[in-house]
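For reference, the structure discussed in these notes is given below.
Per-chain numbering from 1; labels A, B, C and D assigned in written order.
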């Protein structure tokens, strides 16, 4: 019944050229290697919190794309509560990146944020041509989400200070992999001109990187 | 990071041959024609509440597949609160079908429950071969979800008393459409042998209808 | 290697607002009920052949979306040869609808033309906003392809004389199902203004039906 | 019409635990960097031709998954003719890997062999649990097809001598990326026990690598 009208545009106010995606940042880091990841994840979280504030200020939609860690019945509020209130390794990371009411949330069951999720449809309704992809881990869910975004002809930015991996070498290798095969721009977040990204059409997006 | 192990089986305890799907029953019925739908939706809700209790009793997983009615940021708890606590037409229907903690929930953005949702993956992990499809409306989201289930080689039951449409003639026409092209069994819910459905492998499912 | 450039636009010359889709018309009709289908399929083929000529004349791309009838290794040329040169029931239908070199071809493994095929991507690259859906059978592959097209926000025309089903009653019921739930326009092919369809943007498409 | 029976199993004779996939090997290599790829592609083609003969001998299905290089109307026979009969750089590679009549063929429009293609359905009907992934280029279509296969819970072998990339360093980096995040086994083709692969169920597949 609800879908007799396919035009959902009126309900999606945040039309914007670009969107900020945060991959698996609501994360307790309670897995093998999580201890080695903590330091770079914290550094990432600080840069990402700043980038998110700037994105919000210029009207870019913010989308949390998060694993449910195998708990099919849970929603992201439970995941958020767990990360904030249980004594977990990832708590300081999550405290820096608590979602705002205006943010979107997509539950992903596998590595790529596009696989069996509403993300493709959400980005289409937002009329996004560029995705700023951030989060954990650079060489896994970030890379494989980037691959799916590229196949959908989205332009990709992965600011090198806004993603993290267990091993610094693998972080660098994944950035290089994305630059070489997915045309990813890895300019650090501080050098991105978000005003330009919010404004420019697809053709002019190159000018948005100083 | 979270998905380095693709084997989520351990986290999905409800292995079962069949699952009960409730389509768009968390519904305020506040749309054109909703008044004409109310009576048949209430009748449906009473039969469906009984069927759901019996499904739970024999261990069949119950999955709510519900529209977000264009509100991309909302989750099903908000939708449930709205239907139960605001003065909406659908409240008596929803009161009969409040989800239990053990139930699964899938947010669907369009008519079919399979389109850009986690449902295909959830059913795969549950190892379901048969779907009992119920809800609103017979000639729209129920029919188009049935079509997608059929293409995935799932066996389909749509108990005729557990679905509703605005117009009784269109309810009947949709049931006939499903019987004729999707091999749907429309046996009323009271005549279904759920014990058999919970037990039998794909080959023997015919015997589960008395 | 081949896909390092996602921009295939240059290779898809037929930009057009609308496309003509022919569902399962390369069909030997050698199945149960095929004899009862033959007469209406022949009538359909004559109207469809005229519509296809007119579509070609105004530059609308023509896409054959055809079943492989379970033969995963075959291609459409083999299917075409079989229908034209073996002594099959569907031969006179296929003779009226032989593909031209400029036509596109999509192999579909299941009922809907969108399920696990390249069709969604092809229509996207053609920048189509309207689909003229035709073929066999109205109440099966045509209906379920229409449902998938509707979920992708495509505008739908199913000229009532350019589709066929085994049973005339089911043909009518499927047309009514599509009008009622998928906003399908079933104006007969002779009354369609293809010039307008080829020209107008999405918003103005209503005016293209006289 | 054709799909009223979803059970295509009878038409897919090659039930097998594993399948051999050849990614973009029908390739004219007429792109920037193709000259530097030629030598490693030839070496790959020799090893792959041997592996294919062994796969055929033990009954493993062979699937060519190939780009159409932006030519939406072409089929693989045209692509094959072009590579074999025009004076193109890739000819000696393709001559070593000409498809047999029994081989399957999937046209892919983008990097991953799973994206908008029939491959997921074909592998499902073949009841494959393991994929031997080979072809061009290791760090692009092979890697991104591997990612999609992993999300579908397929076990992956990428024999290191049966894939090629423009740059040897990127070939190695991609193999390491797959081992680290997708549990890919990169044992050279000569050390694979194909008899065991053809025989063993999912659980026992480890034993098939000597």
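Everything below uses one rule, namely that a residue touches a chain if its C-beta (ideal position, glycine included) is under 8 Å from a C-beta of that chain, and two chains touch if they have at least 3 such contacts.
Predicted model, so just to flag it, every value in this text is computed and none were measured.
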Starting at subunit A, what is the smallest number of hops through touching chains needed to reach subunit D? 1
Can we say the copies subunit A and subunit B touch using the same residue numbers, with more than half in common, or are the two sides different? same
Distance-maximising chain from subunit A - centres being C-alpha averages: C
Subunit C and subunit D, separation of their C-alpha mean positions in angstrom: 32
Report the inter-centroid distance (CA atoms only) between subunit B and subunit D in whole Å. 39
Sites on subunit C at which at least two other chains make contact: 3-4, 6, 110-111, 140, 150-151, 181
What residues on subunit D touch subunit A, complex-wise? 110-112, 115, 139-140, 143-144, 147, 150-151, 170, 173-174, 176-177, 180-181
Residue numbers of subunit A touching subunit B in their complex, please. 1-4, 6, 8, 10-12, 24, 27, 31, 34, 37, 67, 69-73, 75-77, 101-105, 107, 109-111, 116-118, 120-122, 125, 136-137, 140-141, 166
